[in-house]
Each structure stands twice: as C-alpha cells, then as structure tokens.
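Below are two complexes that have chain A in common, paired first with chain B and then with chain C.
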Partner chain A sequence: MDIAHTTDEARPWSGRALLALPLWQFFVVIAGGILLTTLWEGFARWPDDLVIPMKEWITRFFEWLGKEAAIGSYSFKDFTRAISDLLSYPLEWTEALLYRGIKPLGLPPIPWVAVVLGTAILGHWIGGWRLALFVGASMLYLSIFGLWKDSMRTLSIVLVAVPIAAAIGLFLGIRVTRSKRAAAIITPMFDLMQATPHMAYLVPVVVLFGFGQVPAMLATVIFAMPPMARCAILGIQTVPQDVIESGRMSGCTPRQLLWKVQLPTSKKTLMLGLNQVVMQTLAMVVIASLVGASGLGQKLLFSLQQLRLGAAVEQGLAIVLIAVVLDRLTQAYAYRETIHYSATTSFFQRHKHLLLFLFILIVTFIAANFHKELAILPKKMTFTLGREIDFAVREFSKNAYDYIGPVRDFITVSILLPIRDFYLWLPWPVLVGCIAVAGYRLGGFPVMTLTASLMLAIMLFGFWEPAMLTIYLVFSAVVICILIGVPIGVLASRSERIAKVTMTICDTLQTFPSFIYLIPVIMLFKVGDLSNIIAILAYATVPAVRYTYLGLKRVPEVLKEAAIANGCTPRQKFWKVEMPFAIPEIMLGVNQTIMMALAMTAITALIGSRDLGQEIYRALPTADTGRGLLAGLGIAAIGIIADRLISAWATKKKKNLGIE
Partner chain B sequence: MKRNLKLAVASIATSVAMALTLNAHAADVPESDEPIIIVQNNWTSQLVLSNVVGNVLSELGYEVEYVPSDSQLQFTAIANGDMHFQVEAWEGSMKSAFEKAVEEGMVDAGAHEAVTREEWWIPNYVLETCPDATNWEGLNACADQFATAETSPKGRFVGPPADWGKNYADRVNSLEMDFEAINVGQAATLWAELQSAYDRKEPIVLFNWTPNFIESKFEGTFVDFPEPAPECFTDAAWGPNPNATGDCGAPRGGWLKKAAWSGIADTWPKAWSVLQRVNFSNAQIAAAALMVDVDGMSPEEAAEQWAADNADVIAGWVE
Partner chain C sequence: MSDQVQISCRNVWKVFGPDPAGFMKRHGGQPTTEALASEGYIGAVQDVSFDVGAGEILIVMGLSGSGKSTLIRCITRLNDPTTGEIDFEGNNILTAKPKELIELRRHKMGMVFQNFGLLPHRSVLSNVAFPLEIQGIDRRERNKRAKEMIELVGLGGREDYFPRELSGGQQQRVGIARSLAVEPDVWFLDEPFSALDPLIRTEMQDEFIRLQQLLKKTIVFITHDFEEATRLADRIGIMKDGRLVQLSTPEQMVLHPANDYVAEFARNAPRDRIISVKAIMEPAAQNTPTDHPVTGTDRIGAAAERVLTADHPVLVIDHEGLPVGQVDRHAMTKALFGAV
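== the complex of A and B ==
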C-alpha cells in the first residue's frame, strides 16, 4: 500500500496552531453528530429509500454482459467462451497426464510411483539429496494417505495457473515500470484487488464464465497474479542506476536491457513474487471448489460437511505440502549453480537425471499393467489417522467445554455484545466525522477526503449495518491479535531458537486452509461473535508476530550499543530505544493484521454472522454480483481507510525519529 | 475382505448383465461424444446417487463428467447448459431457485418416490427433560432449557443459512415462540454445534433434514409444526395465530426432484429416457448414504456397491 505523501510542510495554509490543540476537533464532531440525530432520524440511520441502488445496477449490468452484450454478432459471451477454451487446452493436457490418461491412445495416467520418483529426481537435479528426499517424501504422503487422485486434480490446476499468473503478473509489472499511464491505472487496481476478499471475485466469474475447472482456474489466476506484478515493479525499479548505466553503455537495446540486465538483477524480488503466486494459488484451492474445481478443496469441504475433521486435516496438509514442494523446487531452481560439463562428458553423464526418469516412467507404465498398486494405491493399502484425530477433537471439546463455556458466556455478554451495540448505535455523522478528522490530522486534506468519502460510500450503497458489524468484529479481533502477537514477536527477536519455531508455526497457520479451524472453534465456542473472532485470530495474528520480530531485528547494533554505553538498563534499552525504533514497522504489521482479519470475515461467514463477509458469501448462491462485489469493495474500503490512517501516522512517526 | 470379494463378483456380474441388455441399443448409443455433465453437491446421498446415475450412463457408453457445484447456483448453470443433470433437488431449501431456473429454460425431470423433510429437530435425550418437545407447543413450554447466555431467557434455535428458506426463523415471530433464531453460515456449522451438544447431552434444537447422514449418527426427532397450506402465507386468519401469516411448519412430505438441461432430450435421447426413469426411494437413499457415513466407503465405492445391491432397480431404468 502506498504511503501518503503529504507532510506538514506541504500544507502551509493549515493552521498549525489549531492542529496543536489536543483533539478538540473530535469533540466537536462527536457532539455535533449526536446533536444532528435529534434533528433528523436519517442522521442516526440512513433511510433505506435513500440508498443508491448500485447493487441492483451492477447485478443487472453483469447479467446483461453475460447474456446480451454484443458488438455486432460477436457477443460478450462468445468472448468469455473463447477465453475458457484457450485456458482449457493446457489444463486438458496436465489432466490427461496426471489423472485422466490419454484416451485416444489408450494410455493410462502417469503411475504414482513414477510421479513420486520423478519429483525426487527433479529435486536431486535441482538441489541435491536433501531436497530430493523432502519432495519425494511429500509426494509419497499424498499416495499413502489415499489422496492421490484428488491431489493430482488439484495439482493439474495449480501447474497451469501458476505459470499463467506469473506471466501475466510479470507482463503487467513491466508495463507499469515503462508507462506512467499504465501505472496510473494498474497500481490502484492492484491495491484494490489485494484488499478485496477472494470470495468476492467468484460471483462475477460465475456469472460470466459459468462453473467448472476453467472458471475456477481463472478465479485463481486473477487472485494470484497481483503479488507477482508488485514484485516485478519493485524489482525493476530498485535495480541500481549504475547497473543500468553500464548496460546502456554496452549498447543494450531497451529489450535487451530489460531481459539481460533488469530482470536478472532483480531475480531475488521476482522469485519472492513467484513464491507468493504459488502460495496464493494453493490458498485458493478450497475457495475455488465453490465454483466447480474438483480435487482436494472439494473433498476437504465434503469432509467438513461430514464432520470428519481428521480427514479434512489430512487433505489440508496435502494442500500445504503441494505448496511447499512447488515453492522449494522453484526457489532452488532459481538459485541453482549452473553445472558446467567438460566437452568429454558423455551424453549419459550430462542427462543422467532425465534418462533415469524416462527409464522409471517406461518401467512403471509397463509394470502398472500387471500390478495395479503401482498405478494408484488401492484403498486398503492407504493409511489414515482421521478417526483418531476426530476422536481427539471430540474428547477435547467435551472436556474443555466446562471450563471454556463460562468464559465464553462472560466475554460474549459482558464485553462483546455491549461493544457491538455501541457500534450499531453510532450515528454515521459521528463516525464519518471522526475518520475525517483523524485523516486530516495525520495525513492532511487528501487522506481526509479519501477516507471519509469511502466510509460515506459504504453507507450510501446500503451496507452500513454489515459494515459496522465487520468493523466491530475485525477491530475486536485485531486488538487481541496485537496483545498476543506483539509479545510473541518480541520473544522471538530475543532468541534465534524461539524465532525458528515461531516462524514455522506462522507459515503453517497461513497456508493451512482456514476452513478447518472453524469446526473445533464452533464446537468449543458455539455460533456467535466470539467464534468469529477466534477464527480470525488463528490467521491474523501472524503478521503482528512477523513484523514485530522484523522490526526489532532491524534495530541497528550501533544504536543498541550506544544505549548500553549510556548506561541503559536492559528494560530501558528495550522501551526507550528498541521499541520506539521498531514501532513504525510494527504498525505496518498491525496494518497487515487488519487486512488479514478483514479477508477472514468472508470465511468466518460460514460460522454465521451478519457482516460484509456474510454478504459476499450469500451473494454467491444467488449469483447476485452487485451484492457480492460491493460487499467485497466495502471490505477493501475499510482496509484502505485503516491503511491510509496508519501509514500516515507511521510516516509522521518515522520522520520524528529521523528514520528515512 | 470377504464382503469386498463378494462385492466385486456382484459388480462384475451386474455389469456383464447390463452389458448384455445394453447390446440391444448399442448401435445408436452414444448419440454424441460430448460428455454428460452431472452436478455434484457436498452431501453424502447426493454424491453417491450422482455416481450411481453416472455409472449407469457410462455403462451405456456415454462420456460422463462430474462437476462440483453450489446447491443454489447449480440451477442457473443447468438452465444455461453448463451442467446437465442434478439428481437431488429439495423442495424445502431449493424450491425458489428451482422454479426460477425452470422459467429460464431448465427442465423438471420428475420427482423421486422419496419424500423429504426439512424442519426443526431435537436429539432424543431432550425428551427426558422436555417430554412434549416433539411438537412446537410442547417445545415452546420448555424454551428456557435451550437458552444460551446471549438469548436468555429465550431459547436458542440454531437455524439454517438465511437463504435456505426464511420461514424456519420467521416462524418464531408468527407463532409467538420464546425462541431466538441464530442462523449459521453453512451446514457443517450445524453439525459441529450438534456434535458438541450431543457429547455433553446439552439441550439443543436445530435445523435438520431427512434423508441425511445425521440420522445414522445421532438419534433424534423432528418437531411437528402445523402442516402448511398455501393460505398459511397469505391469510393471517389461517393457523394458530389469527394475527399473523407464516404460522405453520415446512411440508412433512416435500418433493425430491431431478433437474435437467433442456438440450439433453435432443443430444442424448437414450440417456434422457433413462434419466427420466431414475427413481430413488427413501430407503434406497438411506442405504446409499449409510455406506459412506457409517461404513466409511468413498462415495464412488458406495455407488458401486449400491448398484450391485440394486441391480434390478437399475435394470428397470435402463430397460
């Protein structure tokens, strides 16, 4: 997200003296807002008949686009069909190889043994024995836990979606760095896309592209592409000027400069982008099954529907493993040292990995004809801990409930419900006014207009109540996230060992399909606001931990030594030197926590709530594009308001500290 | 093991038998190489039945594909021809989406023998403390047993997702019951609530339906409400509360229909004649779901076993 550029110096006309007065504007706004409600009821609650029917307009527009829109005889529907067809070709190929088989030739799909060994060989070729062992074992897990066919279904979508998303992202990223106009359009679009929960994309995709593997893949590509573009932009823009100069001096054409100088130099950032594409693609697996992707995601939702939590955990783990395998392989490939063979090396020696794989492929294909176990492991040879996990969860909830129940009741009734009622009571002029004042004080006029008008738009389009409930849930959750996350981050920054464990847990929490958390949470906390908040915590605490850790790690050694030299006690050193230095970074973590929490509301909607997440989730079954998109944008708007305010604050703070 | 072997023999036997009976038609089938796309949802019986139907069609020589879909959106997709056949459409929760899609060109491919019910439901242990809870007035008398911290002193009714039919929750007002409806976001949430309460024998009343896998794992009964008539929703004078409409329950014998794309009849005439004859009874659906929910088979395995157990039924569809 952008950081607001306005500073105090840029606003010579602003009355500095007024600004210095403590918070007086807030009191004016609050008192004024409450006073207004006595004049007209519409100031307490915006009347329904004054809501702009944008929802209906958008829904009708998409229906028109999907059914009637045409240029001459070429309809928009033909266009979407053409895209679908184009995307379905590569998909059909991976599907044929991995699980369908090539029917016209009578060829079965690649036997699982060949895929497992092939992955291990690839691992060895790219990164040596350790990588080979890791990726081989991960693939083996898919087979012996009886998840092979579904994993291959998921993998075939992923294998197509990742390169497409990476290529489009790279292309758009390059466009942005080359043209100011492209940048002006694309950059804010990405900001918006990233702040909109992925479920909101599904509705328009279904209306325009229908159901099935291809639309699911398309939704995945749309969601996974922006991080690649962002990293490409960042990477190209941060190539040192002298590197570019030397490229120019060597007589590079612009194209050569891009491909031979800029892109290789920014490899590290680009690879981070690819890592994000892989992770996001796999994060979409479960959600994409709502629009017709078959495979692990579909089976996972089915398991949850059956209350087979153990089975869902195993399927979730399979998704995580596929993500990690792809990530490790691509990352290792990028940093691989090129092996140079001498001219005398034989053909066999040079291509030993490929030849070994071909050999295994042929042998297993033939052997699989006689031993079906090699083609796909029969169920009786597979293994599962599903029942044990189910039993453990049930026993835990049964025994823990007596202790948790009263706590849950107390928190819900004495803390949460009053807060919720407060948010629902809050007259809109008060909230919009307070946001405007905060925006003005922190970032000046531009921040004020942006944030206040976003909040007004949410109200005018008829989403005030769901938005208030979202703000209530998200900010209650974020407070707890910070209370838990920041101390853990501090702890991690003190010891390398703790840091390692913490970061592994953080990674797992983020790739593990969040749907799974919901069931035990409901068993322990029942349907209600607290369950929503706890499910959000599991996911959104991670950035708070991570940024705190990074922020404290980045405190320069010199600064710490100077503090010690000045006679600081360890406590003083921490509170007076390290913490103030790390605060801007921690605030970015808070920012990310808010984003994550907002995104999670679309998933906790499955528990049951009345917030914007629920609006998105409910829009899907009814194909109500307007409702889904606007609710998604509403969440994005809340995210952007929080982001602008916090970024503006962090910029101010950083300036005061003399960093940057 | 033995059972598996027997199963394998049986399934081979039936497929041979089917192949023989099919030879008579084999000349003109399949009429098109295009795959017939069968919709799959995320509950057990539907997954097994859709596989049963799919297997019958592939035995006939058709190319069959399965596409997972949401239970509401599927009808629009069927109307558009993106998907072709749905074996389970429920009256209680899908009626309006179904009827809307029929207006858009989807075909109503007939009802099953099976009847469905979607209604408030209690585990049997509730009857120990609230013996008359099998009907709504009796249940209402001990509403306080179902109270939670938020709803107290009213009882809590764990209701279906808001768009599965409004009357389940609205009934609380029209019948002036001492309950508060808390709507969940999806079915799995209902079962998590039920499991947790059931293990602790805590009174709970929630939305449930039949046929459903819940029956094989939890003992309970539906709560009887006044049987609905069309006037219930139009005429306030009708029903127990003379001042409100909607003072009735859901139909006790709701329909379970098949839905099809309008193009099936022309594209695959033989398949269409089979699909029209496909018909399941409550007992058959329960047996199909039981294999997955209790015996732990996958839906695909259960479909094969079901076909082996009911070869005569399938023969009746194929002729």
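== the complex of A and C ==
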C-alpha cells in the first residue's frame, strides 16, 4: 500500500474523521428524543405497567420444569436427578482419592507429599526443572498454609469438570465442522454464551439442580465448554490442505481422517483449548461457591464477607497459584514436542517419570500409615500469616485511609455521581436512536436492527435502570482502562525489554480468576462505586495493553522507514503513520476490554452495586430464574451491542487501510 | 511402455463457482471463455481428453493456475469433475461409490504432495506405515513393509525421527516412501520437488529415475520445470487456462510446438539431449559415405561432433547396423539451435 494514502487517511480521532460521520443524524436523534419526553412520560422512563413480564414467565417456566414437567412417567426432575447422580460418581471418586480417603476400605487419600512431588514430576516431564520447581513449591504452599483440603475440594471439581467439558466441546466443535446446519445453530449460541457472565449460569442450575458440588460442577461444565469447541473448530479447519489430502489419498474413511489426521495434527490448538477450559473451569468453580460449592472459593467468599482480609489474601493466593500452575502445565504441554527415543533406550529410561511417581506413591502410602502427617498435614503443623496481614492492613488503613478516603469520596461525589445521574436521566429514545444510527453507519441495516432491538428488549423486559448503571460502571472503567492501558502498550512497543516484562505480567494477570481482584480493592477502598470501577480496571486493562502493543508491532517496517525517509520527526511518525495503522487493532483490544469489564460487573455485585450484576446476585438465593437469567442476558446484550459496533468499525477501518 | 491404457480422460471439465452443474447445463456442456468470465465461474479444467498408458510417465506442465493440480485431483477424485468421464483401469471412477474409491486409493493409487503432507505427530516409520495402518494391516507386517520402503528411499536409520527433525529433501523422501508403501499401480506426483532447493532437486530427480527403473509404475507427474520434464517424461502435456494445448513426446514438443505458448516452454530446453538423430534425418542418398555412421536413436548431442566435423552428410543406421537415412551439418545446426 502506498504511504501517501495512509498518512492522508490520517487520524480517525481527529475532527476531520468525526465530521465524516454525519453528525447531524445524531443531533436529530438526540433532539428528537428529548422532545419526545415532553410529549409522554413514557419516553423518559418506560412505565412499569408496560413492561413485558418475561421475568415472571421464565421463572414460572423453570419452576414448572423443576416440579411438574414430565414425559410419560419420567418427570424432568428424574432427568435432572439422573444427571446429578451420573456426575456425582466421578466426583466422589476423585474426592476420595484426593482428600477423603476410601472410607469403606479404610484407605487414606493420596498423601499430600505424593501429590506435591507428583505435580513436580509432572512439571519436570512437561517443562523441565524450572516448571517442576514452581509447581512443586506452589503445591507445597497449599499444604503448609493449611489450605490442603479446600484446595483439593476445588481441584476435584476442576479435575472432573475439565474432561467432561472438553469432551462435549470437542464433540460440538466436530459437529460444527461437519454440518452447516449444526454450525448455524451452535455458533451463535456460543457467541451468546461467551458474552453471558459466569453468575448468570448459576441461577437456572440452582433451580433445576439445587445447591452443592454437583450443580456447581454442572454450571462449570456448561460455562467452560465453548472455548474447547471453538479451538476444535479452528484446529480442524486449519490443518494444512496437503496433510488432509495425503490422508484421503492413503485411503482414510472420514472417521479415520478425523481421528488419525485432523485431530492429532491440530494438537497444539486443541491443547490451547484445553488450557482455556481449565482456566474457565477454575474461574467458575470459585464463583460457584455462591451456589454452595465448598472449597477455596467458598472460604474466600466467607473471609471477604467477614472482612478477614488476612485469610482472604492467603486463600486468594492459593487460588492464584492453582490457576498459574494449571495454566503453565497445560500451556507447556501444548507446546511440548514429542521426543523420539533411539531404539536402544531402555524401558526404564523411557518411563522414568511415571516410574518415579509410582515409587513415591507407594512409599508415601506406606509411610502415611505410620506417620499420619504425611497423609494430611495436621492443623498444628500448618502455618498462617493471616493475623499479621490483618494487622498490617488495619495499620495501613488507619494511616492511609485518611488520604484514600477523602480522595475516594471526592471522586465519587464530584465525578462519578454526576456521570451516573446523566446515564440515569438519558431518555431511552435518545440512546436507542444513537445506537441505531451508529449501527447503520458502521455496519448497515443488519447491525442497526440487531443492536437497537437488543437495547429495546432490555428496556421492554424491565431492566433499563440496572442496565444503565452497568453501562455507567463499565464505560467509566473502560475509559480509564484505555487511558492506562494504551500508553503502557505504546511504551511496550518501544522497547523489547519493557515488552517482555509487560507481556509476562499480562499473561499472569489473565490467568487469575476474576474473583481474586476483589481482595485488594476491598482492602484499599472498601465498598462503593469507585471500588467497583477499580476492580473492573484491575481485571480488564490487560487487553487494552496487549492489543495496543500488538497493533503497533504489526506496523510494517517499510511504512516506518518511509516515514523517516519522508522527514517525519519521531513524533510525527508515531501519530501520523503508526497510530492510524494500529488503531483498528487497538479498538479490538478496547472491545475485549469491554467484554471483560462486563463480566467483572457481575462479580463486583458481591461488593454492592445496583446494576445488572446485582440483579443476578439477588436472584440467586430466591431462585428467581427469570430475573437472574434475563439480567445475565442483559449483560450479554450490552456486550454484543458494543462488540458489533466496534467490530464493524474496525473491519471498515482495516479495509480502508488495506490490512487483511 | 505397453499399449494397455491405464487412465483415460474424456472431455473432463472442472468448473468452480456457485452452481457448476447448472452452469454447464445452461451452456450445453461447452461454455465459452466469455460465459465463464461473465458469470463469475472458473474453468479450472476445460474439455480435457487424454490417455495414459500402463507404465508410461506423463508429465503435466503449465503456468501457475493453468489447472494442473485440479486435473490430477480430478483423476484421484480429490475433486469431483463437473462433467466428463474418467476411466481408471477400465472402470469409470466418477460413478465409484465412496467405499470403492477408498479401496482404489488404498491399493491402486499413490500420491506425493508439493508440501509433503506428512503427519507431524508421527515418526518417519509411522508416517510411512500410515496407509497400511489405515487398511488394518497388523503392526509387525506394516512396520516391515514401511522399513523396506524407508530403505528404498535411502532413509534407513531415521525411522524414529519426526518430520520436523528432517530436511526438506528427507521429508519428501518420506512422502515418496509413504506413497509407495501400498505398492500402487499409478503414482501421482504434484510438484514433488518444487519446494526443495535446486541442488537437492536434481538429487531427488535422480532418485526418482532410479526408483522408476526399479518399480516401473504408471506415473502422472506435475512440474514447472521443463528441463525436469524432459529428463523424466515419456510424454508431456502442456496446459493453458484449463485446456490441454499439446500432448506429445518432448522431442515433438521441441521440434513442433503447437503454438507460441508451448514454444515458450520449450525455448530453454536442452535440445541436444532431447532430439534424436532419427527426427532430423532425411532419406539417405545413394552416394552417402558409410564411414563412421551415427545411430538413429541417439540424441543429437551425442552425434553432433561427428556430423558437424564432416564435410558431407553422415549416414544414420539403426541398431542392426542397417542404414535408415542421413543427416547433414545444416540440419544438425538447425536442430541444435532451433529455427534461427
């Protein structure tokens, strides 16, 4: 592409580009919308008695499903009970192995020493000494800090849910690649599922399956399955043509082709899918403590509710460590190359890791019979810094809160509340109209109808106010995310060293379950709108950084050199050449940030808010499915609106710039 | 080369587009180039007919996008031709059921791919044994056969390596071994050497000739490289925009190109190694001297010195030593340097 064109195309955020948008349409919509409010109250605030009682319908439907629905003599209840039973088997076995012991046989669980060493051996097998050391030390932490049982509870659900979710995901992914019809049904469902926050899955599950480990696991499986399907689709579709054809020419039946050629060839992508399943599972298991799943998540929830921050920090760290361990192990496995042994390698040499583990297992099992502390570390031998941390936090708060408090109050009262009131005042015809105009300008009629009708639906089903509060929280947070994230991304793109550090931090932050971010926020800011926003910030800034970095990195060298040759100062080169080129990518990062921020609003409901997240949270104990589910879908809808608008914009922009 | 026909293609068309079958019907099975273009269809293979004899090496050439791969893929049914008929050993393969097709590929066809198409997760041995594994042949038997093939292509000792641990040339040797493991009747090669650098390419061509002398398969071979083609081919087919513009021996192609397009291909051909004395001789005159005659089946390169240094026409004889014609300096120069 030619340089003149790019530089001329120039800054999309400049006045010129804005003028290119027919602003007048927006003015008409805004003025018209405000005028309408003078004609009829309902244009300012949709009257309650005109709300479509979808909430009640759904709630009643699920109640009916749970209590009365039946096909012949089989009630739906029998069906859900059968699923529960089916799922509870593997779960009980895993729990027995990891921390309960097999009671009828009087067998103890696998000794913690064996688990710690076993994980380290696994780490060594997959990724060498460093990984072994890291995962071993992490597991050791769980035991020493007396979090072993809870960790094993959490891990049990993960270990059982992951294979199930992965298998279902793989199956669905294969279906999609095989049949157009399946693709037409499944793909949009995944889009919706991915935009719906964790918590929304919990409500219907509670209604149908009750509280406890198994329902938590079920919700987890449903939630964690789409990434596997996505990766399976991607993997299968990107197997090189030559490889597939060589398989066909070898005389593969379609089934052989799938299992012997396509799936093994896409191992790397599939393993990354598995990695995502594991991470999603863990994130969901932690949140599933809200429906009574015991384990680390529940302990953390209690600690937070009782403001026992010291304990919360230790439990949070345990979750983080488990997350990072699982992430590193699965990632390393994905990138691991099969090694070939020469024919002379002995059986012993080939299987040294497995043999070593078996040896340790047997020895510790026997030893644990004599020394109980090898099975599970007794409480008196564990260690905690809870009190010290509590003390430190209290001291810190006492001193720092004199400063933080007023700042928080000032920001809240003079900045956030006015913004919030503006969103709440905004008449719905104005917002819906603006969305429609933007949708039409960016993506034509289909985008316009989709986005505008989603927003309308939110209103008609009676979620306008919480939705506006969600939008207020999310967009306030996203603006700050961009203000922080984009400069960091720019900085990273200027220096390899900074890039390396930044990307490592980003990778690590992204493995943390969202729940974790509440801990420091509560410690520092207590509760309130600002805390919500900061929690969102902490969770959702990563994509803004990452995509900015990637976008700038992707600017072709020639373009930069040409800019220098044309006599650009570094500043001009950056603003007139690199930034315009990177902007579409950055916008996709912003898109991603919005998605994560929306997901986080559902979590921040735990520290109090009045948005859609709170609607879900409130629906949980009362098993008010309609309210919880629709609120969750409302969050998804906001996400989809933002996504469609931004993607349409980015696509257009990329086309103009001649990228892809 | 025997007279038995191994593959026979009749009026084969392969059209890409939204509704190829309907499109062909609307145009009575013979759409024009304009019709293709105006309705947005691509005529990748257009009305191609030819036979391949058993044991023959047929080389298909043509510019990029001329339809070579598509043609070969029609014969192997990796693509389904839009219209036309293709017989493989006397059976119409276009009506073959999926099961029959799989059987055909398992026992009669072998194919080598430009980018090797090796399975990255399998060792050399297991890659080569793959087609046998697919057929359900037991492990010991298939590993034995695979080992033989690996020896044959000169990779003995690397059975346990993975494709990524091999050089490009070695990977293609694996591809060749795999395609031969089922002992196919017909061997398809789609630009097997074009992903390799020139030195390795020559080495692999020699390897290929060695293998062919050993195995004597029917071969359909695609290449971009005319010199490669002349080294290997019994006959060369040249494609342009989906059509087969000329199908003849390399010698005929060099001496009598059907049009400028073909001539362009043949321009840099090593004529001295392609044209035989027979092709440029004229009937012997009564008084042609009989000393130091040249043999008719020799390439002109071998006879050039004798002919060019003689001040009279040189006698041409056949294998039994009987005179069949004569050749003079003028004819030799013309043949060596083309029509100047």
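In this text, the second predicted complex is superposed on the first by the 594 of 660 C-alpha atoms of A that agree within 3 Å, B and C clash if a C-alpha of one lies under 4 Å from a C-alpha of the other, contacts with A are read in each partner's own complex, and residues count from 1 in each chain.
Criterion: contacts are C-beta pairs under 8 Å (C-beta built on N, C-alpha and C of every residue); 3 or more make two chains touch, one makes a residue touch a chain.
In this text the structure is predicted, and so the values were computed from the model without any measurement.
Undergrad: Considering only touches as defined above, state whether A:Glu337 meets chain B (first), chain C (second), both or neither.
TA: A:Glu337 contacts chain C only, not chain B.
Undergrad: Between chain B (first) and chain C (second), which, if any, makes contact with A:Ile121: first, second, both or neither?
TA: Neither chain B nor chain C is touched by A:Ile121.
Undergrad: Regarding the shared-chain residue A:Val413, is it in contact with chain B (first), chain C (second), both, or neither?
TA: first
Undergrad: Now for A:Lys267: first (chain B), second (chain C), both, or neither, which partner does it touch?
TA: second
Undergrad: For A:Gln614, is the partner it touches chain B (first), chain C (second), both, or none of the two (neither)?
TA: first
Undergrad: For chain A, which side has the bigger count of touched residues, chain B or chain C?
TA: The larger set of chain A residues in touch belongs to B.
Undergrad: For A:Gly212, is the partner it touches chain B (first), chain C (second), both, or none of the two (neither)?
TA: first
Undergrad: Could you say whether A:Val243 touches chain B, chain C, both of them, or neither, answering first, second, both or neither?
TA: The answer is second: A:Val243 touches chain C but not chain B.
Undergrad: Applying the document's definition of touch, where does A:Leu524 land relative to chain B and chain C: first, second, both, or neither?
TA: Touch status of A:Leu524: first partner only.
Undergrad: Residue overlap on chain A between the chain B contact set and the chain C contact set?
TA: On chain A, no residue contacts both chain B in one structure and chain C in the other.
Undergrad: Give every residue of chain B touching chain A within the complex, in rising order.
TA: Per the stated touch rule, the residues are 40, 42-44, 47, 66-74, 76-77, 80, 82-83, 97, 148-150, 158, 161-163, 182-189, 191-193, 195-196, 199-200, 213, 292-293, 298, 301.
Undergrad: List the residues on chain C that touch chain A in their complex, please.
TA: Contact set of chain C toward chain A: 73, 76, 78, 102-103, 105-107, 109-111, 113-123, 130-131, 133-135, 160-162, 164-165, 175, 178-179, 182, 188.
Undergrad: Which part of chain A faces chain B closely enough to touch in the complex?
TA: Interface residues on chain A, with respect to chain B: 206, 210-212, 289-294, 298, 301-302, 304-307, 379, 394, 397-398, 401, 408-410, 412-413, 417, 518-520, 522-524, 526-528, 604-609, 614, 617-618, 620-623.
Undergrad: Name, in rising order, each residue of chain A that touches chain C in their complex.
TA: Residues 240, 242-253, 256, 260-261, 264-265, 267, 337-338, 340-343 of chain A touch chain C in their complex.
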